[in-house]
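Shared between the two complexes below is chain A, which pairs with chain B and chain C, respectively.
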Partner chain A sequence: MNPSEVKERLDAARTIPPAAEDASGRAPDPRGARQAGLHGDLWTAIALFSLTAVLILASRWISPSFGGLAQAKAILVLSSFIAVTAFGQQMVILTGGLDLSIASVMTMGGVLTFGWIGASGPALIWGIPLVLVLTAAIGALNGIGVVLLRVPPFIMTLAMGIIVYGAALGFTGGTPRGQPSPALSALFTGHVLGVPPVILLIAVFAALGTLLQLGTAFGRRLYAVGTNPAAAYIAGLPVRRLTLLAYAISGGSSGLAGILMVGYAGGATLTMGQGYQLPSIAAAVVGGTSILGGSGLYLGAVGGALLLTTFSTIISALGIAEGWRTILYGAVILLALLLLRDELYAWIGRAVTRPILPPDASARRNA
Partner chain B sequence: MSATTLPARGSAAASARRLLGNGTLIVAAIYLLLLAVFAARQPGALSDSSVTDLFNNALPLALAAAGGTLVVLTRGFDLSVAGVVALTNVLMATQVGDGAGGALEGLAMVVGVGLVVGAVNGYLVAYVRLQSIASTLATMIVTSGLALLVLDAPGGNVPDFVSYGLTDVVAGGIPVAALIALGVVALWLVLRRTDWGVALYAVGADETAAGLAGIPTRRVKFLAYCLAGVFYGLSGYMLSALTATGNPNAGNAYLLLTFAAIAIGGTSFSGGRGGLVGAMIGAATLTLLQKVLFSAGVSSFYTGIFQGLVMILAVLIAAISERLARGRRA
Partner chain C sequence: MNWKRIRSCLLGAAAAAGLLGAAASMAPAQAKTYKIYLSLSYSGNAWQSEAANIVKALAATPPYDKMVDLKEVISGTDVQAQISAYESMIAAGADGIISFPVSPTGLNRTIHRGCAKGVLFFMYDATVTEPCAYNVSYITAGFGENTAQALVNELGGKGKIFLSRGVPGNSVDKRHTEGAMYIFKKYPGIHIVDEYYGMWSDQTTQEETAKALAAHPDVDGIWAQAGEDGAIKALLATGRQKLIPVTGENSNGFRLALANPEYQKRGLQGVSSGSPPATAGYAFKLMMEMLVDHRKLPTHNIQYPLPWVPASAVKLCPGDRFENGCNTFPEGKVPDSFVTEVFEPTLVPEISLQSALEGKPTPGATIQKLPATVDAAPDTPGINCQHCKPPKDLYRLTKVQPTVQP
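What follows is the complex of A and B.
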C-alpha cells in the first residue's frame, strides 16, 4: 500500500467515528494499552465490590434492619436496572461515543411490554424478543446516524431520545395502558437458590457481558476501535459495523431494563426511564470506564451500579431532607471518583506485583 | 478546523467556502427560515411585543449554551449547568430584596455561585484530571441538592425590579434581552482574540501539542470552566426574571437543551472548533422551533419527534456544508 493510500484511509477513518480525533496523544499500540489497562479495570471492579460489601455491613449502624442478607438482596435487585443499562452505555462509550437515548428507549421498552405482553404467558415468548429487537433497532438507528451520517453521538442519541419519548407519548396517548405480567413479576418475587431469580439473571448477564468484552473477537475489536479508530481501520477492522453494533446493543439493553422494570413495578409510566440516564453513565465511569473510549470493563460498571445503588439506599434511609440527601449523593460520587483513580491502582499494582516482574518489564513501565 | 478558526484571505471563492464552513452562519440561516415560517403562519409574529418575547424566551438558554460552549471547545462536557441554573433561580426567588440594590446584590450572588461551581469543576478537571462528564455530574447533583435546601418546592417571588426590568424594552423598543445578548457577543469577540481565547481553541484541538507549544493548558481549561459557571449563573438570573418565580427543578430542562443548542450552533464535540455566537443562535432556534410547532398545530404528543428530527437535520446541514467547503479546498 503506497503512502498516499494510507493517508487516504487514515483521513477516511478520521471522519467515521466523531471521536476519531482522540487518536492523537494516545498509546500507539492498542493491544499494549489494553493489557496495561486491564489490571486497573480488574482492580476497580474488585475495589467496588469490596466497598459495596463493607458499606452494606457498616450500614447496620444506621438502622438495625440494615446490614443483613435481606438488604444485600434488595440492593442487588435494585441495582439490576442500572447494571443492565450500564452495559449498553459502556459498549457505546468503549467506541468513543455516548448514548443519551437510554432513558427514552427504556421507557419505550417498558411501555411496549406493558401494553403488548400484559398478563398473558404465551405472549412472553414472542413479546420479549420483539421488544428487544425493536429497542435494538432504535439503537441501530443511533448507530446509523453516527457512522453513516456522521452526526456526533451526543446529538444523535439526544435527538433520538427526544424522538422516542415523543413516540412513546403518542403511542400511549399520555397514559400507558396494559396489564402487569405475573411471569415478569415472578423474577422479583420468586425464589431460586434462596434469592429472587433476577439476581441470578444479572449475575449471568454480568458474566456474559464481561466475556463478550474480553473473550470474543467482537469485544477485543471494540477496544481497538475506541483506542484508536484510525489504526483499527487500517488494521482492517470493520469500524462502522462494530460501532453500529455497539449502539444496537445499547438499545437492546435499555429495552431489557424496561422489561425488567415492568416486572419490578408491575406497570409502566412515561417517566420510568428518567432516573437511569445519568446513573448509566455514572456507573460506567465510576467503574473505571474512560469517557474517551477504549478502556473499561463491564465487571467494573456492575460494581459501579452496585456502589451507586448502595449509596442511594443508605442515604435515603438517613431520614434527612431531600436536599441533603442529594448533596450527599453527589459528594460520594465525587469521593468515589477521587479515590478510584488509576494512580491508586497503579500504586496497588506496583506494591503487589513488583517482586515478580522481570527487570526489563519494570524498566519499560517506568519509561 | 482552519475553516472557522483561521480566516482564510483571498478570492471570493475562498470567502464563499469560508461561509459554507461557518456553523454560525448556517444556524443563523436556519433560524431565519424558521422565523419566516413562523411569520407566515402567525399574524403579528413580527410585532414589537412578539419579537421582545422571542428574545426574552431565548436568552436564558442562550446564556447557558454560551457557557457550555467554552467547555466544549476544550473538549469537555459540563453537566453542572442544570445545578447552577436551579440554584441561582431559587436564590433569586428567595434571597433577594427589591429595587436596584437587590438586583445588583442578586447579580453579584449568581456570578459568585457560578464562579465557585465553575472553579470547583475547573480544578477537578484541569488539575486533578478527573473526567469532565463525571466530575461535573457530581457538582451538578450537589448544586441541585443545595437548590432543594434553599427552596424545596416551586414557589417564591423574584423581585419586580428584576422580572420587569430585564424583560422590558428600552430606548423606544429595543428589548433589554437583545442588549444583553449583544453584550455577550461583544465580550466574546474580544475574548476570542485574547491569548486565552486563542489558547482555548488550541487546547481543544490538540492538548498535547498546545502544551508543547508553551500554552498553560491547565490554566486555560480552569478559566474556561470558571467563565462557563458565570454564564450559567447569568442564565439562572435571566430565567428568574422571565418566570418571576423559583423552581428547584428549573435546571433539568436545561441540561440536554444546552448541549443541543451547542451542537446546532456548529461547535464540534471533539473540541477546538465552533463558537459562542452559533450556540446562542442555536438556543434561539430551539426556542423558536417550539413556537413554530405550536403555531403549526402539531399535537403536543408529537412535538418531541419534530424537535429531534430538526436537531439531527441542523447538524447534518452544518456537516454537509462544511464537507462541501472542505471538498472544494482539496
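What follows is the complex of A and C.
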C-alpha cells in the first residue's frame, strides 16, 4: 500500500462517527467481538431449534395429529424455501445492506428452471448451474449498484426487483411455460432415510452456509466489513469485492429457492416469490442477525425459518378468521424479536457455560 | 320469480335484437376503426393472461383485425390505479373498454362518467354493480353450491372437509363460499375442520393445504376454489396411499389427476368447474356486435355457462382444440396451471390453444356471429347490482342433484 492510499483510507475512516460503534454496543476489538458474538449466535441457533421442537410437541393440544413426525416433516419441507432465501439475505445484512429483490429473483429462477429444464434429465446438469449463475449475476448487479454507484441498498435492490419482475413478465408473456421436472419433484416426494430428500439437502446447505461464514477467510472478512466498513478498508480488506460477492450470493440463493419451488409446486408462476421477501428478512433477524450488519450466523437464520414456519402451521390450525391469523402471525414475529434478543442468548450462554468461560467473559458480564 | 318465464321473455327480445343486428350488418362495410381498451388488473397468473390473450387473438381475427385498435393496460390490484386507467381511456376517446375489474363497487363512479360520454363498458369474469356497465360472468351460475353438493354426494353426506378459499374479502370468494355453505349447512354430518385462503394460486393453495393436512391428516374431502391443483399436489406429497374427493376449478393438472386411473383407485374423485377464461372472448364479441352491428342486449348482466367436468367426463384432446367432447390436454402440452376452459364451440369457435397461450389469431379463422340470445344472470346484491333482491332460488342446483339426504 503506498502512502497516499493509506492516507485515503484513514480519511475514509474519519468520516465514520465514533459514536456509531458505541451505539451498537460491540466491543471495540473486532476479533474479541467476533469470539463473543459467535457464542451468542450459536446459542441463538440452539435456542431456536429447541423452541421449535417444544412448540411442535406442545401443539398437540391444538390438534391431536400435531406433535408427530408428519408435522415435523411438513414444517421442514415448507421452511426450506425461507431457509434458502434467508441465507443470501443474511449475507447481505451482514454487510449492512438489505436485499429487497429476493422475491423477483426467486421468481426469475423458477420461471427459467420451468422453461429451460423441463422434464429433461440431462438439462438438469447444465440448467441448474446456468440458472444459479444468472441469478447470481443479477445479485452482482445489485452489488455493483450499491458498491460502485453508491445507490442505497434499499433503493438499488427494490429497483432491481421491479426490473427483474418486468423481465420475467416479458420473458413469459404472462404465462410461464414449461414442464415440471420429475427429478426436482422427487426432492419433495421421494424418500431418503425416511424423509423427503429436500430436508437432507437443506441440512447440508445449512452446514455449508455456516462453514462459509465461520470457516473461510471470506466469511470472517464479511463480518469485519459489516462491523465497521471503514476499519475493514483500512485493514486492507477488499470491501467492495466482498460486498459485491454478498449480493451475488443472495441472488444465487434466491435462484436456488426458485428452483426448489418448481420442484415443490411442479410449475412456475409470476407470483411464486412474493411470499418470501419479508420472511427471508424475518428469519434472518429472528435468527439473531443484527440488522445493522456484522453479526449473525446462518444456523440461527435456519432456526428462524423453522420457528416462523412452525408458528404459521400452528396458527393455520387454530381455525380462526383470516384477519386474526395475520395479526397473530405479525404479533408472534414481533414477540419473537423482542424476546429473543442478544441479552437472552447471552444469559443462556452464561448460565450454561459459566464454569468453562474464560475470565474476560465474566468481566463483560459485569459491564 | 319464475326462471323459465324470464328466460323465454329474454329469448324473444334477444331474437328480435339479433334480427335487427343482422339487418344492420348487411349495411356496406364502413372503414371506421374502433378504439378498444383492454384493462387488466394484474397479469402474472395463467388465468389472467389466457383471458387477455383470447381478447387479443379475437381483435386480430378478420374482419376485426381491420376494425379494432386494441390497447392493453395492466394497472395492478389497486382500485385507484384502475380508476386512473379508466379515466385516461375515457379521455383518449375510447369506444369500448373491456376489463377485468378489481372491485365490484370502487370503479362505479368512473364507469358512470364514461357511460355518459358514450363509452361501452364490458366486464368479464369479475363484475361491477354500476348498472350502465355490462357484466359477462359465470359467477352467478352456482359454482359454490353445485361443487359443494357434488362433494357431499361423494362423501355420502358425512365427513371432515377443508374449504380452500380464494382471496379474503373478494366478492367472488364470498359468493362461492356462501353457495357452498348453503349446501354444507344442510348436512349435519359434514364438518369443516379447516378453512384457509389459497389466494387462487396453485402454489399458495399447496402450502396452505400442506399445513392443514399436517393438522388434520384424517380429512375426508376438499372443497376448493381456483388453486385446486396445489391441493392435489399437497395430498400427493404426503405420500399417503388413500386419496380423497376434491372439487375445484379448471386447471389442466387437476383434470389430469381426476382422470388418472391410479389416483382414482386410491380414492380421488371430484369435479372440475369454475371460472372459464373464454368469458373474456364472449364479452369482447358481444361488445363488438353492439358497436359494429348495433346489437341490443336485453340485459346488462349476462351469465356465462358454468363448466362442469366430473372425473368420469375428463377426456384428453389429441389436437389443439376441444373437439369431439375432449376437455383436457395431455401432460406436457400445457403447464399444470393452464386453465383449460379457453374454448367454447358456440360462443368463441375462433380460439385455438395458440390464441390462448400467445394471443395470436387462429390461422384461417374468421369471426363468427354469436347466438341471438343471451342468458340473463340472476340479480345478486354486491355482485351485479347494488340495491336489489336476489331470487329466492339463488342457490338452486343446476348441475348435480343430491344423492344423499341430510
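In the analysis below, the second predicted complex is superposed on the first by the 330 of 367 C-alpha atoms of A that agree within 3 Å, B and C clash if a C-alpha of one lies under 4 Å from a C-alpha of the other, contacts with A are read in each partner's own complex, and residues count from 1 in each chain.
Keep this in mind: contacts are C-beta pairs under 8 Å (C-beta built on N, C-alpha and C of every residue); 3 or more make two chains touch, one makes a residue touch a chain.
From a predicted model like this one, the values you see are computed outputs, not experimental measurements.
Contacts of A:G266 after superposition on the shared chain: chain C is touched, whereas chain B is not. After overlaying the two complexes on the shared chain, residue contacts for A:A159 are found with chain B alone; chain C is out of touch. In the superposed pair of complexes, A:F188 makes contact with chain C only, with no contact to chain B. After overlaying the two complexes on the shared chain, residue contacts for A:S312 are found with chain C alone; chain B is out of touch.
By the touch criterion defined above, A:E322 lies against chain B and chain C together after alignment on the C-alpha atoms of chain A. Touch criterion met: A:G174 reaches chain B and chain C at once. In the superposition on chain A, contact of A:L78 is made with chain C only, not with chain B. Chain A residues 169, 173-174, 322-323 lie at the interface with chain B in one structure and with chain C in the other.
Partner chain A is touched in their complex by these residues of chain B: 77, 79, 124, 128, 130-135, 137-150, 152, 206-209, 256, 259-260, 263-264, 268-271, 299, 301-309, 311-312, 315-316, 319. Partner chain B is touched in their complex by these residues of chain A: 18-22, 24-25, 98, 100, 145, 149-152, 154-156, 158-163, 165-167, 169-170, 173-174, 278, 281-282, 285-286, 290-292, 321-331, 333-334, 337-338, 341. The touching residues of chain A, counted against chain C in their complex, run 62-63, 65-66, 70-71, 74-75, 77-78, 114, 119, 169, 173-180, 188-189, 191, 196, 261, 264-272, 275, 312-313, 316-317, 319, 322-323. On the side of chain C, the complex with chain A involves touching residues 43-46, 48-50, 52-53, 168, 193-197, 201-204, 206-208, 210-218, 230, 233, 236-239, 253, 332, 334-338, 357-359.
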